[in-house]
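After this come two complexes, each holding chain A, first together with chain B and then together with chain C.
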Partner chain A sequence: MAAEVSRRDFLSRLGVTVGAAATAASVPLVGAPALIERAHAQPKGNIPDTPYKVGHMTFFTGAAAVLGEPSYKGHILAAEEINAQGGLLGKRKIETIKADEAAGTDANVKEMRRMKLSEKIDLFTGVISSGNTPALGPEAESLKLLTIFVDGCTDFLFDKAVLNPHYIFRITNMQSADGVTAAVATAMTWPKVRRIAHIHPDYSYGRNAFAHFNIVMKKMVPGAQVVSEGWPKLGTTDFTSHITKAIAAKPDLLVASVWGGDYVAMYKQALRYDMFKKMKFTSMIAFGVAPHAIGKDHPEGVIAGVHSNYYFNYPPQDRWPLNSAFVKKYLDRWKEYPNFQSEGAYTTLMLLKQTVEKANKLTGGWPDDEAIISQLEGASISGPAGYLHIRPDNHQGYKDAMTGFSVNSPDYPFQILDPNRIITIPIRNITAPPGWPAPSGEDTRTYTWIDKTWPTVKL
Partner chain B sequence: MDTLLIHALNSLLYAAVLFLIAGGLSLIYGVMRIVNLAHGNLFAFGAFVAAWTVGRLVGGPTPTPLLYLVLLAGPFVAAALGAAIEPTLLRPFYKRPEEYQLLITFGLQLILEDLVRLIWGPYPLTVSSLYEGMGSLNIGESIYPTYNLAVIVVGGLAAAGLWAFIYRTQFGIVLRATSQNMRMAQAMGVNVNRVYVQAFTLGCFMAGLGGAIVVPQQGAVLGMGVDALILAFVVVVIGGLGSLEGALIGALMVGVVRELGITFFPEVELAVLYLMAAGVLLVRPAGLFGRA
Partner chain C sequence: MSSMPAATRRLLLAAGPIIVALAVLPYVVDPYDTVLLSYGLIFAIAALGFNLLLGYTGLLSFGHSAYFGVGAYAVAFTLKYLKVSSMELFVLAGVLASAVVAALFGLICVRYTRIYFSILTLALSQVLWSLAFKFFWVTGGTDGLRVPTPTLLGVSIGAGQDKMTFLAHRYYYYVLVIFLAAVGVMWVIVHSPFGKALQAIRDNETRAEFVGVQVWHYRWIAFLISGVFAGLAGALWVPLNGLTTPDILLWTFSGEIVFFTVLGGFGTFAGPIVGAVVFNYLKTFAVGYTVYWQMFLGVVLVLLVLGLPTGIVGTAIRLWGKRRKTA
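Up next, the complex of A and B:
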């Protein structure tokens, strides 16, 4: 058992920072503007002008279209931007073939195969659901299909389904980061909470959020206990029973990972029960939906997570030009603000562009997939959300995890994250390090790593 | 005691909406012998129409009490849609084997789902000011949204109205006669085509009413139609397809069991409804009030 520490030491060891003042430390600014201004270097060798075909699979129908639509819009924005410069290496225009992820896992695997074999796609990307990446990952490996998943963030993709990835990569932070970030933010903000009620959607995402929140609370807020659980089906919009049950348990804190339209329905119903006046509230993904879907009636001052990835007003736009440029372009193109899926899909193509250029400098001509893969492993890119690093061992994208507090601002017709109170945590401090053994049971690497190595806060 | 009352109200709330959906589904099957797989999407269509129409008017000069009436745009548009669908898409298939009807209503489900997305986009529509507008009641230490009570009342009125309509009016007699023996009714001079389109329209109206009435509380979201259809099937499987009493009892049973599940067995909230349906099917394969 690791030694006991004080909560303050613990938080500083984790590198948790809060507020706009912290951004200078977590997001170094020097040189960033130069990245966008960088002159367009001439590519080496002969580049074919055949289109570069990209398959983008995401939800176009059903409840998850609230996340699928922003993903597709981010992707198209990046593709149009690259094509306006002549395409990849100035020659190969990006041609997008889209597919509806709502078809179901088996159909999605077949569609991926069809895209590779009949449409001859060069890159596969997109995917929202954690239920799909563990099936699509192994298929991409066997098809030898270069794949960069935007989301589908389950830890099990690289913990279990594909232990040694070669062709597949992923951009967004891993699922466990959501539960861990929410718990760290809670322990820091409301260290006195003891009685905790949970409402999570009943599938892998909600289960994962619940497990990781609890293991971190065990370490950071010893004595906290779960007093009520609700497991609504994904797609539930009547939360009356879940809300009355949670209130009846008289908790200090409600924790929820309900998202999208479900979440909008849930918070509006909870308001009528004065739920947010009776307890604190922490969410993993409340503000992950497109920003304008959250009304000004949303409770202020709650921890409103963004899937630990990105919210459009952070990094602060006046201090991180890549973000201000992205938000402006997105707003001009789509008449709405981006969410974390938009940013992920956009950064995916920008990462591809940067990698292809790097590989071209080394090999000349159009780089083959092996050359692109070798440059993707360990790649770093400055995206709208800040720095993103691709870990070479597991092909997982890492960027600082973030969450924040909800606030109304006269500048926006919807509620936003308070730009002065953003919480960031260096991702390496809350995910299992390279080489940590994959557990055999249902636990994730990060779960067992936290369980075995984190100290317990002394009260 | 208060807790018990709240549990009872929660169950009734869920049952009221479910009855509106499942009642329409069952009515259509009872009269026309068509399993309408697009029924959930008519519910969703009603919800989106109501949300959109009220959303246009909120904050305008329209007085709030009138906005509750504007919600009725949902059921009326759903009914109009039904009145257009039956003669054009369903009628040509009555003489064909049942699988054709399943295919056509399944196709219709996909089309309606896409149509909703095309018209209103992927983001949820909400008009929660109507939900807020009615305030809350105090029940012991707890508070309870008044709007939920209104939903329960509307569900109850719909059930009573439907019963009176079918068992106390001339049209109801014709409807029941057609349902029991379509050929005999036709031989007695009943215009079966007209009865079919009326029954289908009424069923769609109920679905649209269900959709409109949940909008202030839950909003309108993509995918709500399919979820509603599945739950409606659970209800009619328990109650017996084609039976209105069955739909009512089925909806109440689902409401109560779901509430018990959420309260005492949260881990199996999803499974408990299907387990109950499976149990009923084992004992009474045609459902509690089924005729087969």
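Up next, the complex of A and C:
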């Protein structure tokens, strides 16, 4: 479409909202617990009391652990909560086997096989890196292993590797949504940026972040150009050369999707070069790490993404009791605040619980995998982050995308997202709809959909 | 039979029961264990090739991941660009590609020995790794390239057939036959006049040259054969793993190939085979049971070097010899 619109119209069509969260702080919601704890119905039929074995794979070692380990903590929190009620359907206790994703893709494939064939797990979950799901997804399909990936959110999984998933599902928002959210937030905040530098990890996540950011900028900020690119390897701890290269290009803006411990190292090194004073900064996933990993020395007022998924102070806790309850439980159990992986892993098990209960009502007894899958397709759940919908055609989870601005608050010993300036975008408006054809080339569905259907902003 | 060399007769005597055991294995153990053993057999082919250089020629290559990886990527590229999925063609592509690369790298490396040789092989393998890593749109970068189930001898996996059953039966036997053939070929090579010449070079280069062995030329051929074995293993490994990633071109994988051989014992013919199979079990066990798997493997290596410097097979042979003497 060659249509041109003004930027203001564009943003209102996208439904972008900048939320003020802290207004209702003094009005506690009455009866909140009742909303969360639904009446426990008696399951139908005979339920075996054998444990329900779940394999959880995430990063326990290396720089990625600061983002990945919270996944395990969210998972365990949910498992303990379910087990305290007797287990799934009141009978089957969840038993978790964990594995370190840092062992490498090849070893991860082997480990998934071992879990299924040797440990006889019922469900596989976790996985952080987008480099791993395109390998593990097809493997899970051929093992006929029910799998709910917490992350590893590359579009390529369902656009290329597994076009018609049956056994595999995924919870967190797709990667394309992440790049698009960062670009929309940038375009509405700093519409005058023209010279843009990029630093992204050199694998599918970084490549996707780069591609989707650029296609949206092409539509919303015509005239913006890429003046520098840096592609550090995932797991890099020395960013000096990339930082100096970006500074030398004299950009208006730096965009980065470096994540986990890598990002912590990068921003600390960038501070030494006064980089944040020389340019504006947008990140897809800076605040994706466990919140306490971001120090107060982090620059304020930058767009500090959370993988377009979740930050613990949004939805505002007093207005969305599911979130306040989750944050409180997590804080009590682990003495730290959750990140989006914690929320994803927690919601994964809660979704499983809800699904098993629904399937049990239909079939009686313990529902087999086919019954669980049919109930997971099109499932919807209210989680700490808001409503999550599992699309039946591609088994991908969709929830409204969010990002925000970094700010120091006296209430926390680390830097947080400014609760008064959270940006949210309805997910429907920034991802390819069902039925959109899979591109034959290297692009994602969302990429071609934006390229073909979005109007261009009139300068 | 009397014309058969004593060494070959001993091999057949020892190998017979093992071959029978390997052949009936899929009917006895879990598919999972069969698949795990397939990995071991494939790594064993690579280790056999590696040991032609280390054990027989006295050259420590620290870059054998290069040939293994080239074999694997040749398979992925054959599928990506030629759109074929026949395992025979995959193997052919893997062998040819690794032969070309080994011939080229060999020309550069065999002019040097000892640490210079090791460093050169390491450096060249790192070049290939960085190519696989950086050419994202060609190699998929760290995401790698996926290779679905191939056809074996023109027969594809049946519709709705379980992939694990396929891997644990048909593919296992495919690997087993190639493995046995590779062992046979390597046995012939090391017991041939060429193999003896290599050992002469290992023991005393100058003396070998004086009796007329073209040292440089022989080393190059050994390097080539060694690379082809690794490439063959790489090609066989891909369908088992489902994809290739730059991890198998990285120096750490070269280190694992060295580890296989040291674990089994590089002074014996069977050492690398046993080492590869055992290491594969060790690593899978370690990754599955502890997040400190790297430390676990490190400790094993240290204990091994200190306690069993001749490896598992070398130590077993020594103990067996002692028992025979006392009996």
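In the analysis below, the second predicted complex is superposed on the first by the 443 of 459 C-alpha atoms of A that agree within 3 Å, B and C clash if a C-alpha of one lies under 4 Å from a C-alpha of the other, contacts with A are read in each partner's own complex, and residues count from 1 in each chain.
Here, contacts are C-beta pairs under 8 Å (C-beta built on N, C-alpha and C of every residue); 3 or more make two chains touch, one makes a residue touch a chain.
The model shown is predicted, which means the values in this text are computed figures rather than measured ones.
Aligning the two structures on chain A places chain B and chain C in a clash. In the overlay built on the shared chain, the residue A:S142 is in contact with chain C alone; chain B does not reach it. In the superposed model, A:L14 makes contact with neither chain B nor chain C.
Of the two partner chains, chain B is the only one that A:A248 touches; chain C does not reach it. Legend: residue contacts after superposition of the two complexes on their common chain; A:K233 is shown touching both chain B and chain C.
Contacts of A:A265 after superposition on the shared chain: chain B is touched, whereas chain C is not. In the superposition on chain A, A:D202 contacts both chain B and chain C.
Look at A:Y273: by the touch rule set out above, it reaches chain B but stays clear of chain C.
When the two structures are aligned on the shared chain, A:T61 is found in touch with chain B and with chain C.
In the overlay built on the shared chain, the residue A:H292 is in contact with chain B alone; chain C does not reach it.
In the overlay built on chain A, none of the stretches 9-17, 45-53, 99-107 or 171-179 of chain B clash with chain C except 99-107.
Under the contact criterion defined above, the residues of chain A that touch both chain B in one complex and chain C in the other are 60-61, 202, 231, 233. Residue ranges of chain C in contact with chain A, taken from their complex: 30-32, 35-36, 39, 133-134, 136-137, 141-144, 146, 148, 162-164, 241-243, 245, 247-248, 283-284, 287-288, 291, 293-294. Residue ranges on chain A touching chain C, taken from their complex, read 60-61, 98-100, 103-107, 109-111, 113-115, 117-118, 130-131, 134-135, 138-139, 142-144, 154, 156, 161, 202-204, 207, 231, 233-234, 442. Only residues 3, 6-7, 10, 13-14, 17, 113-114, 117, 121-124, 126, 128, 131-132, 136, 142-143, 145, 147-148, 214, 217-219, 221-224, 226-227, 258-259, 262-263, 266-267, 269-270 of chain B touch chain A when the two sit together in their complex. Across the complex, chain B is touched by residues 60-66, 68-69, 202, 229-233, 235-238, 240-242, 244-245, 247-248, 260-262, 264-265, 268-269, 271-274, 289-290, 292-293, 295, 297 of chain A.
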